[in-house]
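Across the two complexes that follow, subunit A remains constant while its partner is subunit B and subsequently subunit C.
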Partner chain A sequence: MTVFKAFLKVVRNNLFMIILYTVILVFFAVINVSSGGGTSGFEDSKPAVAIVNDDKTSPVTKNLVDYLEKNSEVTDVKGGGEALNDALFYREISCIVYIPKNYGSDVLCGKEPELKIKSTGNYDATLSQMILSHYIRIQNVCAKNTETETELIKNINSSLEEKTDVNVVSNIDESALSRASLYYSFASYSITACIIFIVCLVLSSFNERNIRKRTAVSCMDTKKYNMILLLSSGIYAFAVWLVYNILGIFIAGDVMFTERGMLYILNSFIFSISSLALAYMLSTILHNKNAVTSIVNVIALGSSFLCGAFVSTEYLPDWVLAIAHILPTYWYINTNDRLSHIETINFETVLPLLINMLIILGFSILFSIISSFITKKKRTE
Partner chain B sequence: MNKKVIEVSGLVKEYKNLRAVDGLSFEVYEKEILGFLGPNGSGKSTTINCILSLLKYNEGDIKIFDRKMGPDSYEIKKNIGVIFQDVAVFDELTVYENVDYFCGLYIRSKNTRKEYIQSALELVGLEDYKKFRPKQLSGGLLRRLNIACGIAHKPKLIFLDEPTVAVDPQSRNNILDGIKKLRDGGATVVYTTHYMEEAEQLCDRIIIIDKGRIIAQGTSDSLKKLAKIEEKITVEVSGQAEKLIPKIKELNNVNDVVFENGLLVVSYGGGSDNIGDIIDLFRSNNVKYNKIYSERPTLNDVFLELTGKELRD
Partner chain C sequence: MFIHNFKYSLKILFRSKSLVFWTLAFPLIMAVLFNAAFSNIENSENFEPIDIAVVKSDDFEKNIIFKESLKFLSDKSSDKRFFDIEYTNLEKAEELLFDEKITGYLVFEGEDVSVTVNSSGINETILRYVSDEIKSIGGLTENIGKERISELIMSGNTDIDYERIFTNISKDIINEKQNIKDISTENMSYVMIEYYSLIAMTCMYSGILSMVLVNFKSANMCAVGKRSAVSPVKKIGMIMGSLVSGYVVQMLCILLMFLFTIFVIGVDYGENLPMTVLLSIVGSLAGLSMGVAVGTLVKKGDNAKTTILISITMAGCFLSGMMGITMKNIIDKNVPFLNMINPVAMITDGLYALYYNEQFNRVWFDIISLLIFTVVMMFISWRGLRRQTYDSL
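Moving on, here comes the complex of A and B:
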């Protein structure tokens, strides 16, 4: 207990830095939450459309216009051709539908007249064309079996009224997931910094040459002493992980109590182990307390930038991502990103995430082997 | 004679091309203060580190409390306290917490520890600094804290490796008084220093070491006899003294005369009123002087006699 208590006292001495890293994380998380992001549920969208109608008198044409008005935002663009082109260019409308002269009578005669369409080619324009194609297909079929305008309009409208229920297969709350993913990815910085900084600083005090010498001549078993230091570091890292996950629950909400949330938590736990192993390795190399701050900044900030904790990986150049592969942070953030995008949780979708976690554990083992190699080498010198 | 606490025989420690300790053999007896005296680099600290199993040695045998000492001899280590030359304390802990930590490595009981810490702090005079952090202490107080950390668990055998280096006179006296109290309380002390005055003042027995070998050992008085001088007279000369040197050498009992930087040092092998003879000689030859004083031989003279060099070199 003596060593553990002293460990905690030295940690207490550096409480300011722990609070600072936590505040940075909370600050970022709050900004992220307040800026919103993501959508939830299914929403019927209406694209903006302009109509140039040269067949205003026909009831058949009027029925088409009514349909478009009902299923899209028909915009009245004043000023003719040039103004329409400008509206299209500035994306005020997604497409222009040109209805030619005698359109109504041609439909009734079964001629299947063509509508001219000018579009931006974007998602809304495609949607407008789909809405229009749907109507034209029904209109053409109905026109073949009817002779009067009234009957044609009636048949078209009754066919259009048949609605399809939309079942949302994915019930992911994208907003909450996006918050969780961003929070946990950013937490990679705080977890790394908080664990490496404190563990290195505290262990450098315990490993200080003269203190080590004084401990070596005491009746404390050296192996037991090293084990207590390792356990104390582990307890500290666990506490950091626990606090950051409690904060995660506050920030991401109920999603943290789902299978997906558990995977975020497991991923962060494994990442904390690798950070602890890295901290232990660094403490065997670093003996100067002043150097610890610089090293922590280089490692925590550097890996966070390279691996996409601050900037999404899709915006990072390939060569940066290639370098990032040699850092555990990359695999940790990659798992968080994947978790926010997979539709359903099953063995197939979770397997790549588990492989990522195994890679992180592999890094932890590598760091531990290096630490033990350095320690043994120092002992024989 | 008291029981043997430490027995070292034929100790050899080599570093590549250097033989730092060259076949040392000695004993330390219960309740004595043994001075380990020698110039810097003579092998004092290496010997202590070998005894404490902090260094592997090439040859020899070391026994403490009648048992072979090794890195895993935790039963022996329970009764050993070590105060190293360099201060070994946590900057992040207070004076009390530091002593508590190091005492806690030996003593589990919280109540016993509390009592021991109090007595250690009183011994080194740090009762009023319990809540201070090491950085708030002066060099002397820091050394005292270093000692408190090493002796708080009330060890039977204490090693002090140059504990008074760069310490103010007040703290130095406090430290030396504390060491005497520890001996009086029943502890055996091995005291390493290159300050001969400290060794003379404090130690019951002294071992003089040079180039990893013991060149002399015994009490302060028995060692001084090795210097082959009884008295040393020093004259601060203001006039021409060179012409007097042949005449001084002709005086009774004079062993040696050295004149350097205005100081004339005359060594005697015996006799009485030697200082009167010197004063008469200066007066009769009309040579002026500022000061004249007589000294008993020191351990430095012993070292000089045995090695041909000063202990401070």
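Moving on, here comes the complex of A and C:
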């Protein structure tokens, strides 16, 4: 009990850091995974667009603006030109459309007036430019073949009514699954940081020369002492895992109560075990408590950046992913990614996930062997 | 005495492993990680042709407008290529879609066309839009063609080549130029914001240097501080000597940071490198002053002060976009006051203004804000430091 109480004291003293890592996780989760609910049918993606309209009175221009409002997310950016440029740079909008003065009357005269745009060049921008150029093409052709303003607008709109039927074959709710995957992948950072930080701090406190000597000469059985230390660390790691899974249920929702959800939970449990084993291994190497914060930051941030916790693996270069294979976080995130894509849960689809989990357990065993080897070597010195 | 303090402060700073880690090694490690994580992200963001399949059938062969349009949109020599198309049978198309090798496939039945996709998304919407557009062109061709033919009949022309009329109209519509001019600036790399927040973080970590040095001169912190307090030396001289040494070390860290990011990572700071360096120099001053303030005002142990300083810096970095670039914009729009008092955001904003639009007014505003922040922090620290007396230590 003395050992366990000492463990709890270190946890209490460093509660601030645990809360900080948790708050970062929750903040990330709320910002990145709050959007959208599941839909069974096809839903058009609507790129965010800003319009600077200097021709507000013309019905022809109004028709263009109405079309853009219907097919994209027209955003009202307050603050003028600089604010618009900022919004574009930070990808709040994908495109700015500048409509010049007398645009509507020039279209009617068949002048094909120039529209200026600014875009981010990404997929959203491509879509917004496609929406705009689709309209302009139809408008130009109709303007050549009609005389009056009313007729022009009527012809444009009737031509734009053509729609293609879209069949969606997948039954999985990708929105909910991507929420769960994003949350659990980002959680790898918080789980690693929280477990390594506290366990290393506690073990390095107990491994301090004087304390180790005092423990060695005390009446406490070494085996029992080590067992309590291991148990305390295990209980702490379990508590971290439990708290993050409860948060996961709040964030990902009903999907956590399905077979898929159970696999997310199991995967995070196995990952927590590997983090605990890694913490044990590091504590045998680290002697300085001040070094713990540095090591935690390097390991937690490093593995998160390299394995796809912060930036999705689809955007990571191949050489980074090749390096990431030597880290348990890669296999953990790989399982989360696969879980969000597999169509049905059966032995064939789950087998690769189980292999990933076995690899993570393999890492845990490797870390444990290394730490016991180092401990043994230290004892004999 | 100034030189003496300067020399010994330098020794203290260079001998502390944790200081070397936080002020020098940690920013460099972060730069390497940023490079690993973000080097490919903007390439992935650029539009690449979408893989689709078209189910071959007699109906598709008869649909000239779709056939020609898809040929045009998948022409490998064209810069307007939207698709990489595989013309195949239905079974193969279904298999490709199941294996996620294609975004979707088109099936033609009579004059109608349908799109089959796995789920909703950007690529799927683009595919749908292209299909809608081709259908619209088909509809327009038909309407205009009918009008032209009736005009020809009315004018008494009996030798009418219907196919040629429709083909010419559809070609005219497809080749119709849209007068849209792209005036986007070239500097749109938002990954630069990550490097800017990294520079800002490095600047703010100079606070750790000044805090450690202030602790060394504080009687309530260590034995050296007690001896300094009772020595007949002016406190301002001692502290200034230490702070100048801290600033020199910080300049060295900044220099290494720039050299590393430019020559090893390959970051292009553009033509305004001198202004970027100036912002970093002023930013470091702000960081240094914040460290002095925390060292003076917080009456706790060394570890607690370090935790507070690193937490403030990390929170500042978070709000200025280090862990997600959109954060700075969200704060600027919704809680502008927060970034107005956040020195990390002042540095990041100045660097961003230089890079994106070369808005020098905004850069000078940020530099002046940083100087005001420095003066305020120094004033608060001076108020806290002067006439400190202890009944017992």
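In this section, the second predicted complex is superposed on the first by the 245 of 381 C-alpha atoms of A that agree within 3 Å, B and C clash if a C-alpha of one lies under 4 Å from a C-alpha of the other, contacts with A are read in each partner's own complex, and residues count from 1 in each chain.
Assume a contact is a pair of C-beta atoms (placed from the backbone, for glycine too) under 8 Å apart; a residue touches a chain by one contact, two chains touch by 3 or more.
These numbers come from a predicted model, not from an experiment.
Undergrad: Using the superposition on chain A described above, determine whether A:I136 touches subunit B (first), subunit C (second), both, or neither.
TA: A:I136: touches subunit C, not subunit B.
Undergrad: In the superposed arrangement, which partner chain does A:E348 touch: subunit B (first), subunit C (second), both, or neither?
TA: In the superposition, A:E348 contacts neither subunit B nor subunit C.
Undergrad: If you count the residues of subunit A that each partner touches, which comes out higher, subunit B or subunit C?
TA: The partner with more contacted residues on subunit A is C.
Undergrad: With both complexes superposed on chain A, which partner does A:A291 reach: first (subunit B), second (subunit C), both or neither?
TA: In the superposed model, A:A291 contacts subunit C only, not subunit B.
Undergrad: Touching A:R214 in the superposition: subunit B (first), subunit C (second), both, neither?
TA: First partner only.
Undergrad: Scan A:D76 for contacts with subunit B and subunit C and give back first, second, both or neither.
TA: In the superposition, A:D76 touches no partner, neither subunit B nor subunit C.
Undergrad: Going by the contact rule set out at the top, does A:F16 touch subunit B (first), subunit C (second), both, or neither?
TA: second
Undergrad: Have a look at where A:A6 lands relative to subunit B and subunit C in the superposition and call it first, second, both or neither.
TA: A:A6 contacts subunit B only, not subunit C.
Undergrad: On the A-aligned overlay, A:S205 touches which partner chain: subunit B = first, subunit C = second, or both, or neither?
TA: The answer is first: A:S205 touches subunit B but not subunit C.
Undergrad: Which subunit A residues qualify as touching subunit B in the complex?
TA: 1-3, 5-6, 9-10, 13, 205, 208-211, 213-222
Undergrad: Residues of subunit C touching subunit A in their complex?
TA: So the residues of subunit C touching subunit A come out as 17-18, 21-22, 26, 29-30, 33-34, 36-41, 44-47, 94, 97-98, 100, 112-126, 128-133, 135-140, 144, 147, 172-173, 176-185, 188, 190, 307, 311, 318, 323-329, 332, 352, 356-357, 359.
Undergrad: Would you mind writing out the residues of subunit B in touch with subunit A in their complex?
TA: It comes out as residues 52-54, 71-72, 74-75, 77-78, 80, 82, 84, 86-93, 97, 100-102, 104-106, 149-150.
Undergrad: What does subunit A use to touch subunit C in their complex?
TA: Touching subunit C from subunit A are residues 16-17, 20, 24, 28, 31-32, 39, 42-45, 82, 85-92, 98, 112-127, 129-134, 136-138, 140-142, 145, 158-160, 162-170, 172, 174, 290-291, 294, 297-298, 301-302, 305-306, 310-311, 314-317, 320, 341, 343.
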